[in-house]
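Dumping the structure here so I can ask a few things about it.
First chain written, first letter: the chains are A, B, C, D and E, and each begins at residue 1.
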Amino acid sequence: LLVLVACNPGSDRDPKKNPPSDTQSARRDPIILHYFTWSDYVEPSLLEPFERQYGVKVVVDTFGSNEELLAKLQSGATGYDVAVPSDFMVAIMAREGLLSELDLEKIPNVRFLTDRLQRLPVDPEHRYSIPYLWGTVGIGYNSEVIPAPPQSWAILWDPRYKGRISMLNDQREVLGVALLTIGQSINAKDPEVLERAKSKLLRQKPLVKTYTSETYDQLLVSGEVALAHGWGGTVARAMAERPAVKYVVPKEGGTIWSDCLVVLNSSRHKELAMRLINFLMDPVVAARTTEHLLFASANREANALVKESVRSNPAVYPPEAVLDRLEWMADVGEAIRLYDRAWTELKMK
Amino acid sequence: MADNSVQIREVVKFHGATLAVDRLSLEIRRGEFFSILGPSGAGKTTVLRLLAGFEHPDRGDIWIEGQSMQGVPPNLRPVNLVFQSYALFPHLTVFGNIAFGLEMQRVFKAEIAARVQSALEMVKLTGKERRYPPHLSGGEQQRVALARALVNRPAVVLLDEPLGALDQQLRQEMQVELKTIQEQVGITFIYVTHHQEEALTMSDRLAVMDHGRLLQVGSPQDIYEAPASVFVADFIGVSNRLTGTIDRLDGAACTVTVPDLPPVRVRTPPHLRAGSQVTLLLRAERLELSQDGSRSERENAAPGRVLKSLYNGGDMEYRVRLTERHTWRVRVPNRGAGQKRFLPGEAVFVRWLADEGVVLPE
Amino acid sequence: MADNSVQIREVVKFHGATLAVDRLSLEIRRGEFFSILGPSGAGKTTVLRLLAGFEHPDRGDIWIEGQSMQGVPPNLRPVNLVFQSYALFPHLTVFGNIAFGLEMQRVFKAEIAARVQSALEMVKLTGKERRYPPHLSGGEQQRVALARALVNRPAVVLLDEPLGALDQQLRQEMQVELKTIQEQVGITFIYVTHHQEEALTMSDRLAVMDHGRLLQVGSPQDIYEAPASVFVADFIGVSNRLTGTIDRLDGAACTVTVPDLPPVRVRTPPHLRAGSQVTLLLRAERLELSQDGSRSERENAAPGRVLKSLYNGGDMEYRVRLTERHTWRVRVPNRGAGQKRFLPGEAVFVRWLADEGVVLPE
Amino acid sequence: MRKVQVMSDRRTWLLSASLANLVFLYLPIAVLMVFSFNDSRLSARWEGFTLQWYRALATDDTLMAAVHNSLLVAGISTVIATLLGVGAAVGLERIPPWGRRLVEGAVVLPLVVPEIMMGVALMLFFVLAQVPLSLTTVTIGHAALNLPVVAVIVRARLRKLDPKLEEAARDLGATAWQAFRRVTLPLLWPAILGAVLLSLTLSLDDFIVTFFTAGPGSTTLPLKVYSMVKTGVSPVINALSAVLVLISMVLIALSLALQRKAD
Amino acid sequence: MSVTSIPTSHQVQNPAHRRSGWLLAPAALWMGAFFFLPLLVVLAISFASRGTYGGVEWTFSLANYLNLVDPLYLKIFLRSLVLASLATVFCLLLGFPLAYHMARLPARWQWAWIVLIMIPFWTNFLVRTYAWMFILRTEGLMNQALLSMGLIDTPIEILYTEGAVLIGLVYGYLPFMVLPLYAALARLDYSVVEAAWDLYATAWARFWRVILPLAKPGVIAGCLLVFIPSLGAFITPDILGGGKTMMVGNLIQHEYLVVRDWPFGSAISFVLMGAVLLSAVLYLKMGRDGAEW
């Protein structure tokens, strides 16, 4: 029973029992706001104006994957105020009661959101989250080896590129590609469909050099792989080092993702947390972040401020035509077992 | 009790199932050089550890300088132990080792320096105080261990085979030094060894132990000349043994009949009568070899044949076969070229005075 | 060379800057029990290690059984070493230890079993072959080490103070056993020790070493009775020393003048003339104490005063002070109650025959 | 000379095998050092020499904070693990044999548990006990991780110590504590130093247990580095590693030189 | 002979010492609180089941353990076992000469070598592993060196194979092999080796018949310290192995973090732990004399 409680920390950490004590503690120490985000998502100097304005100190902690974030919060780690989960994780976290409802009044900058991200399937009302940065999953390729942009995900099954293909080391994304090639949704739950996707991947495995979510930018730059299944922003960073690297989202479509700003239910400074979100949504701040990270901003005004070289990069800002073909990844519930099984079998063959 | 430095009363000590010390009672006088002698496993070390306070008697009690030692931990006892392997602190210099006990007693720095210095002089190690024990020779280490105990001016110094690890040459030198130091400082020494000659030469009195039991206590002469048992006689010195029956008692002397040997004349032992079974012990160096087989009231002679002769430097040891069951060891002082040498195979008589030999009731 | 088991020719060996063996030449006969005697650091172990092949001569060479050992590694030499600390394999049983050498030589299983069994019998360890060395007593370990070497029937067995770690009792027993075994198997034994008595009793011949140099080689009697130097005499047995001038040479005997002492009569040494400075060595056990001070051509007497008497069991040792510079040790066999005992402070004469004593040129 | 030949044949063989080991150990270190001067954010190719990563290192406050946290955690957890571990090793020597066997088994167990489970277990435990995750919990976790290591190393050394030394001290008037403090402890130093070294190493580089037990504001260097994987691990980390390795090398060289002087 | 029983040093129990048994207490409390209690929590969880969206559903069942009896998982276990064993063997082969060499050096140099061996591990694991990627890849340092030396004509594809995982594991755990080996070898009485030599043993026989058996406690300790973490490794297989194979470590990590099935992850961990403990106990039983840790 205790364990259950532990895993649902939101329930015993009723915010009403811990009323925000911003004003009290402000006199003794500066309030510390804990911002839990991806590494590099924020340049420390960017936060200085915010810290000055509100007399707070923002401490940044970083995580490496959505799973890590969830594991941490689900277990009951408290003390974080603002976090940046990806879209599908927002749904999970909301269901687990980890997120605090937002008061959009306190986040006026929400008005800058681009239309496409206004109504995210996971949280159309922005009750818990506000999209912050977004991007796509596609193919990074070496145009010296493959002069014409690949039209289809099927190129990843082309035996000519045996040993020069890298895939993300992520079960949903990889199975997603297979599902797309057989004309299914990336959120398919039908066991038979998943079985087909799996066998497709098994056929691909001999061609794959590595499953990696981290180092394919290096591999593209060094020329060790010609085709890399990966995130646009990461490919964009490879492009900067080696112009021959190009990015495309094939015609079957691909995943669109968005990292969203949320306030955690266990936060003791929700008020300030929302102010921080608002600050991060500021067009100037957001533009700086995009230029630095090469992930597209969810902020319309910011996009206007981003420098041209970035804005015209298809790996950062995909063309409109592409945008229509993108699909959000949704939680598949119990079907995750099927994905899991397929993934394990893929790895063990 | 006033003269007694140490009193051990009916002490019993078990190690698990082994009876290491068995109803031991012993009184050791102040200023005495007292040795405990016995074979390996006799319980000698256990006695010292009981005195030092590392072990506690299962029964009986121990008094040191008129104080009961019951419940007194080692650090509060007026005794110091010199360990067999020295147990010098390898991380401290010679000075640090010797000063250790004084530092523990919170003696003033200046006094420590002075006392360590004089202890170093006593053991002739002046000038080596900065050395570390591993860089000392065995003999030097031994002297540091001794100085480390003596510098505290304990009532009793316990020494557990302190010379066991030294070579013979050094051992003899150190025996003399130890004895000299003991006489100089007048502290009670309790000295454990299984080297008989050492115990005889150095001690005022000595105790022989075996299997945790006290077999005999007395002066070196008491022990050597009048061993109380065959074990003691065998353990100290080289003895030849005869078993026979008292045949005739005539005043001061009597005759013992031994199978296969001519009758043997011995001094009449007290409390024995004709017909008693006795064991007769003869020291190897009290026998003589000769070609003359004449016997008398005062002198015995038994015929035999030399089996082997061993050259020892100071003396010769002959193995002489008397009968099927009796092969004796005879030690003859080596008097140089003039002396008659017996060769293996030669027929000889072993001769000895009737006064010699110890008679023990069977 | 046919009789020579081992031949060491002008061997020099440095350990870093230390000259451990200095131009050593030695021939050891087949089947001989040969001892090497010397103080700690003399280079004894180094000699054995050179023979076994663990060290290589910096100069000179070594022949064993007529073969030069140059470049021959230890595993191919027909010698086996019994280490001072035994160096038994702790992970092997007694059987495994003894069988090791045979297994390395790929002897058949059945033969190994038989040979190990007979080696065990020889060292009286039958029945203990399943034990591990840590569960054996010191004496038993020693015998395993010996059996481990002998079972290979090497041409030479090298023994490095094999009895050093044993207590006196055991040591004496093992001396006899070792000697018996050697006579039985007839293998050449090279035996290193710093225990003089042991070397004298056991050896056919022996060598005395110091500082890497060979001082004297000879039979035990040669060495004891005619030491070639003061060092040898001092190292083996107890000697008293006098320095004086040859005064008068009259045929077989001569007179030596020693300051503060009456003139001393000695056998005339060869190659010396009147006026030569000489050192006279007198063995402690060749001296006598008496109240009679008469002197003659054949006998010397010098007055002195007893300083101390030590009871040794088999004999008494007196320290007698003759002059300021001469305090002598006199060993008198202990002949029991009938004998005259001298007390400290008593005036006595030390007497000895003119035949005794060794004269060495200064 | 012959001697030199025979002896040194084996010696050279051993020495070259050992040096080969060192090359193996240091090869990646050399590579990462080289890349710390590479003018490219992705360590994919050599793009030219630069000192920018060292400059960045000097000004990167969050990285410095992470280093600071790492050192703090490693330092304190090592102190705790060492104190308790030495206590355990010493205490173990002094309890009845049956208890000793039990405790020995219990000490081996943590070495057998998959680290991730240990992390999860600790995290759940802290949450159940309502202890907020922080640097303190990280430190506690590391101490629990390192304690058995210290105990094992120190115990091995303790068993080689002559128990007579402590008895000698007692005999010379030292109380039990003094005997331990003045005799046993100094003799255990080499082992304790070794244990400290290993404990520091394990703690400094630990990711898994740290990850699960860390709370807000307790990012250590490994956490920081692992979180960089999404956007690429910056060569600043290479620069940092290079600096660390160089400092340690200088420290060893110094201590060797000092010891030589002391001899 | 009067010596019948020789008390070995660790049997000797000084009663005066018994009192200081309390020194064990702080460590026992610490490990009890921060290791054994948490372990019990996880043990309990391993019998529960996963909630629909992760988390723990508190129903007692053996399902997690039964699920493991599946050829797929057995295969993962087996493969991990093989790889971890290989890593252990290679560590032993590499580490032994090094440890032996260190043990025979003067004390001062021994220290220097120990520290020298530890230093690489004061850098970050991930960065070191990336460096290995650079060394091993097709156009990497190793291939270039081999090509230029003319040892090979075409680059060896080693990165993203199990070979690379093996190299990574050996690299990562080599010190854990060397240190215990060194400790055991430093204790070895060299005269025993000479005795073997004198008894006709060749270099190989001396090593095999004497040195190795005597270093056994160190070998066992070292092997355990390499084998166990190798089994649990998941970053090395992912990065150097190209994520193409799964080891038990990956599986556990996957269950805990990706699938968020903590009960199953815990069950796998306990089975792994049990298997390792069992084999360790068996191994120690076989070599009784090596039974000191």
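As a working rule, contacts are C-beta pairs under 8 Å (C-beta built on N, C-alpha and C of every residue); 3 or more make two chains touch, one makes a residue touch a chain.
Only a predicted model underlies this, so the values are computations on that prediction, with no experimental measurement involved.
Engineer: Upon omission of chain A, how do the remaining chains partition into touching groups?
Structural biologist: In the absence of chain A, as far as touching goes, the chains form one piece.
Engineer: So if I look at the partners of chain B and the partners of chain E, which chains show up in both lists?
Structural biologist: In this structure, the chains that contact chain E and also chain B are C, D.
Engineer: What is the chain whose Cα centre is as far as it gets from that of chain B?
Structural biologist: Farthest by centroid: A.
Engineer: Identify the chain pair joined by the greatest number of C-beta pairs in contact.
Structural biologist: Here the largest contact count links D-E.
Engineer: Counting only Cα atoms for the centres, state how far chain A is from chain C in Å.
Structural biologist: Distance between chain centres, rounded to whole Å: 89 Å.
Engineer: Report, in whole Å, the distance between the mean C-alpha point of chain C and the mean C-alpha point of chain D.
Structural biologist: The separation of the two C-alpha centroids amounts to 56 Å.
Engineer: How many Å are there between the centre of chain B and the centre of chain C, using C-alpha atoms for each centre?
Structural biologist: Inter-chain centre distance comes to 25 Å.
Engineer: Two or more other chains touching the same residue: where does that happen in chain B?
Structural biologist: Correct list: 39-40, 53-54, 73-74.
Engineer: Note the residues in chain A that touch 2 or more other chains, in rising order.
Structural biologist: Those would be 3, 65, 68, 71, 214, 218, 222.
Engineer: Of all residues in chain D, which are in touch with two or more distinct other chains?
Structural biologist: Counting only residues that touch two or more other chains, chain D contributes 43, 120, 124, 128, 167, 170, 226, 229.
Engineer: Once bound in the complex, which stretches of chain B touch chain C?
Structural biologist: 39-40, 137-138, 164, 167-169, 194-197, 200-201, 220-221, 224-225, 235-238, 283-286, 310-315, 317, 331, 333-338, 353, 355-356
Engineer: Residue numbers of chain A touching chain D in their complex, please.
Structural biologist: 2-3, 6, 9, 32, 34, 36, 38-40, 44, 59-65, 68, 71-72, 75-80, 213-214, 217-219, 221-222, 233-234, 237-238, 241, 293
Engineer: Quick check: in the complex, which residue numbers of chain D touch chain B?
Structural biologist: 162, 164-165, 167-175, 178, 182-183, 186-187
Engineer: Going by the contact rule at the top, pick out the chain C residues touching chain E in the complex.
Structural biologist: Those residues of chain C that touch chain E are 52-54, 73-76, 79-81, 83, 85, 87-91, 100-101, 104-105, 134-135, 137-140, 148, 152, 170.
Engineer: Which bits of chain A are touching chain E when the two form their complex?
Structural biologist: Spelled out, the residues of chain A in touch with chain E are 1, 3-4, 7-8, 65, 67-68, 70-71, 74, 92, 95-96, 163, 169, 171, 205, 208-212, 214-215, 218, 222-224, 331, 333-334, 336-337, 340, 343-345, 347-348.
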